[in-house]
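Next come two complexes built around chain A: one with chain B, the other with chain C.
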Partner chain A sequence: MAYTAQFYPGSTSVGINRRKQMSGNLEKLRDIPEADIVAILGHRTPGADYSSTHPPLKEMGEPDCPIRQIVAPTPGAAAGDRVRYNQFADSMYFAPSTPYWRSYWAAINCRGCDPGTLSGRQIIEARERDLDALTKVQMDSEVTDMALCSMRGCTVHGHSLRLEENGMMFDMLSRTEMGKDGNIYYVKDQVGIPLDKKINVGKPMSEAEAKKRTTIFRFDGVAIGGKVGARKYDEAVEALHHMWTLRTQWGYRPE
Partner chain B sequence: MVTQSDTETVQVEIFPFRILTPETAQRLLSEIYRNGGIIRIMIQGPNMPRFVTYGPAKGMPIDANNQGLMELGDQAFELKVKVGRVRLELESEKYLDGVRAACERALPFTFQIKKGKFFHDRMTVTDYAKYGKDVEDRRILGLIDPKAKKDKLAILSEKEVTTDNEER
Partner chain C sequence: MAKLHSKKLFIKALNKKFGKDFDLASQKTEYKRLGPEQSARKREFMEFSKKLEGKRGISFYNPYVHAGGIPLGQRQLVPYKLSGTEFIVEGDDLHFVNNPAMQQMWDDVRRTIIVGLDMAHEVLEKRLGKEVTPETINNYLEILNHAMPGAAVVQEHMVETHPGLVDDCNVRVFTGDDALADEIDPQYLVDINKLFPADQAEQLKAAMGKTTWQAIHIPTIVVRSCDGGTTSRWSAMQLGMTFIDAYNMAAGEAAVADLAYAAKHAAVLQMSDMLPARRARGPNNPGGLSFGFMSDMVQTSRTKPQDPVMVSLNVVAAGAMLYDQIWLGSYMSGGVGFTQYATAAYTNDVLDDFSYYAADYAVDKYGGFAKAPATVETAKDIATEATLYGIEQYESFPTLLEDHFGGSQRASVLAACSGIGAGLATGHSQIGLAGWYLSMLLHKEAWGRLGFFGYDLQDQCGPTNVFSYQSDESNPVELRGANYPNYAMNVGHQGEYAGITQSAHAGRGDAFAVNPLIKVCFANPALIFTWDDIRRGFGLGGAREFRAAGDRGLVMPAV
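Up next is the complex of A and B:
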């Protein structure tokens, strides 16, 4: 039966944004050059060859396997690239995405990647050229606001801290800074090694814009139950209760 | 010997809704200091390391964290945290309005001032291990975190504080 996946229930703005992010139907807000993204990732010099862990699959002579015949390898796997990572921290002050939604987005929309969710950060591991492509989608689209999200390979502290005076998330290693022109600049790569040149990643969202695009339910923003004081909860709560009942009473066997 | 105040002291916590830049922190502390009546000040916030402490960039300097020289009274000290909250012990209730006014002048965003008990005054085991049995100036108790090195403490008063002079 043909159907359209719903991904997430509810009619609140957060529910709609969660659906958008899971479906991969993302709005592109900026265009950061690929070379800059490679520099921020810090795994290789922009323009350098990808390091590899095995020869290209075509040269290896794969065994006769029906699954391998059905599933086409990703470009990175086909070329034998090394597995690399990106890691983002998102502020709890209305960042557009959260660790869980970055993971849902990656798991649903990106083939051959391994997303890992932690409380205040989210890591994705993938073959290097696949990682470059998916990082560009993340950096260019509405899942990332340059003030409230940043790429942090280590020393990620910042998610649950108050914002700095200029509205940016705290970063112990000062990887990003706000220029006098109001743009955000990366001055270090994701692990804190200074870059050869500052990378302009554009202006941050306004507070109102971040609240509009966020996937975080908050009491001082959009509550998970929908409109406070309404007679009926939003569908998100009903679905949550339904799943919780099924899970606790029937071991999540929805027959 | 430190002169004891005969009025009841008041402890307050200033909690700004943003983490302060060194400039704003300097402005706030100067305003509070000018208001007078301070027995103790403690500033707290996320650490600002001077060097990357681990990872591939370990050992590299972090220049942005190296701008925190504070001047308060006739003393200068290095700011090692981004100021997230300030705790004060005041000589009496009458200084409270002045602290609120100082915050309003110095902070361009929302803040909370809470009155309560923020410094412990009985010696903990760690205090005992660090300072010994006889601490002449008991203001030192509850002022610094037990794991802190001595250089996290700046003595702004002219009154004698013997504990800091001892080598332990």
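Up next is the complex of A and C:
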């Protein structure tokens, strides 16, 4: 019988969504043109050649190495692309993903990438063409809601702030705006440099849709431990208690 | 079931910060993007910078160069309430550069050295044949309080320091011997019986035995020009000269070398250990300061023993400022960001509220402080409840979440209240530490985020060091410090660990956490900083109502 990774405990929507994001089995919600994603990333002009830091591996004459024979290089590594990044901020008000789940998704599903996790942002570094591809998956899929998530290379402040009156996450640099047509437009790239043209990334999720897809436990959504006076631990808490106890006891080595 | 703490202490602060018109529970708001002009302090900065432009001949403070011309203040810039006080100050007022009280707190630590008298007295009596009596001790202390600030004795025609620059310097003695204490001139005595509650005084005297110690505080201006490593040297030189003067000794005979060792070096307690070469600091610098010593320096345990939560919170505040803002934020890193992390632990009554909740939960469930079994199960119970309570508050009050806008701030506060609750409940600092680590993991599990890139590294691997007694990862929390291997990196931990250390001892009703000499030394009423109420001190500094020592104004032209 083939092994199926379970990834995460719990039968709540949050547990299910967390498993889904870790498994990489993401629902595609939109199709943003690759050129637009490249423009928002801001690392190169759409259509321009990829910059490289070394010649293609095939031209380099690599050493005879069993690991190299087992592990095929990613397209970006094979071509010698430089390493670039994307970074997303996700609102705590029911954004579909969270920093750790973005990292888990990347680490489990994207070869050759380096995820970094903070409280208000999550960065993924990868060879540039690999980055373009994985960013498109993120932008097109259910991990991203255009009002509650945005690509922010710097000045990321906003994940924990109250939402704007139109439901968008606060952004000091106002990189995105809501159009009169209800669509969200990127007007600046991820580090805040104005774009040549506004990029339409589609409509935001409704509040109900965001709550349905979210991976954050909140007492006004799916609570992880009930409420004061009415505690009810999610299975995630039980699993966590188990791991923490073992880790704590393992550290006691009286010999 | 007794009524649990439900005061939501932070609401008053939120109303002061955001204004009463704000709906504190609303998840949406209008961002007015008013820029730096909305803050009185930023306006002051801009005006001052403008005034200095001509004098400096080079560009200066200008918030409009920020982020391509978009200045900070796109959201509401809010003031801070010092927890447990009525002081409301601007965030800028809590940067240690702008806050003389914070500077003085650190100066008071690094200018302090504790030196024993007993061994010197033995050498005087047995080797030099001198008589030591309360009268000779009083005479010695009079001379020492002349010499220690930097004045001459024995030698003629020496340069001296201006008394107006060094008036904060003083030396007092303390002893576990009540009979001797009665004979000491009160101006030279740190009177344990008067300064401490009776039960604490008995604990302290029992721990000290009939030994006698000098609480030496050299001039602030000296350590500001040199560093903490200077303190023992400065002190030693003046001690030696004073002994020679007070006991009419020859300045050159060999026996004086015995006295010099006994009087200056044999019984010396530095406030902190020196650091290894890669961090390269001498003793009496913050990196070597243990959490137990930090706990003992803070005097709230003496003045408010009936409120163990308040006692712990004041240690958190002292530690957050010294370890985060000054040690990590300046010695080790530099810049301004560390203040933002540290203030979360001592402003706006947030940690206060969460900690009182944890304490009430523990008392209600286990029947009082230090009554719960010191087990992993207790840590699990209290830390889970405290963390879930705190998370619920952040979720219920979006302005609270906005105030602690960084995950590291929230992580510090949630884990600190968990650790303090578990420490108070069990009277065991290691159980408190276990609660801290569980809180961190639970927080991450709930919200899918924790601290900044690296902040939480030590927390995610930390549970394994709670009960470890191996090599360099060992030590009870009392003896761990800023240079403990896993703790040496990141802001938002060390002050809280100190508070957790204190919570265990406050729960037990201990007079001190690890060293009775430190506790008594910092009870010296002549210290400049407000050691019994740390947060009030920071508030006074922020409100520009605190007069620090070490000012050079006396010998400079008026501005």
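Assume the second predicted complex is superposed on the first by the 238 of 255 C-alpha atoms of A that agree within 3 Å, B and C clash if a C-alpha of one lies under 4 Å from a C-alpha of the other, contacts with A are read in each partner's own complex, and residues count from 1 in each chain.
The definition used in the following text is that a residue touches a chain if its C-beta (ideal position, glycine included) is under 8 Å from a C-beta of that chain, and two chains touch if they have at least 3 such contacts.
Treat the numbers as computed from the prediction; the structure is a model and nothing was measured.
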State whether chain B and chain C clash or fit side by side on chain A once the two structures are superposed.
-> clash
Which holds for A:G116: it touches chain B only (first), chain C only (second), both, or neither?
-> second
Using the touch criterion from the header, give the chain among chain B and chain C with more contacted residues in chain A.
-> C
For A:Y93, select first, second, both or neither according to whether it touches chain B, chain C, the two together, or no partner.
-> second
A:L173 contacts which: chain B (first), chain C (second), both, neither?
-> both
Once the shared chain is lined up, is A:A35 touching chain B (first), chain C (second), both, or neither of them?
-> neither
Partner chain(s) touched by A:A72 [first = chain B, second = chain C, both, neither] | neither
Name the contact category of A:M60: first (chain B only), second (chain C only), both, or neither.
-> neither
If you stack the two complexes on chain A, which partner ends up touching A:T155: first (chain B), second (chain C), both, or neither?
-> both
Taking the superposition as given, does A:L163 touch the first partner, chain B, the second, chain C, both, or neither?
-> both
Which stretch of chain B would you flag for clashing with chain C, going by 3-11, 129-137 or 147-155?
-> 147-155
Taking the two structures together, which residues of chain A meet both chain B and chain C?
-> 154-155, 157, 161-165, 170, 172-173, 192
Chain A - residues contacting chain B, complex = 42, 153-155, 157, 161-165, 170, 172-174, 177, 188, 191-194
Chain A touches which residues of chain C in the complex?
-> 4, 26-31, 67-68, 70, 72, 74-75, 376, 380, 384-385, 388-389, 391-392, 395-396, 398-399, 401-402, 404-408, 410-411, 434, 437-438, 441-442, 444-453, 463-470
Could you pull out which chain A residues touch chain C in their complex?
-> 18, 92-93, 97-101, 116-120, 154-155, 157, 159-165, 167, 170, 172-173, 192, 215-220, 224-228, 231, 233, 236-237, 240-241, 243-245, 247-254
Sort out for me which residues of chain B touch chain A in the complex.
-> 16-21, 24, 46-49, 52-57, 60, 62-65, 82, 84, 108-109
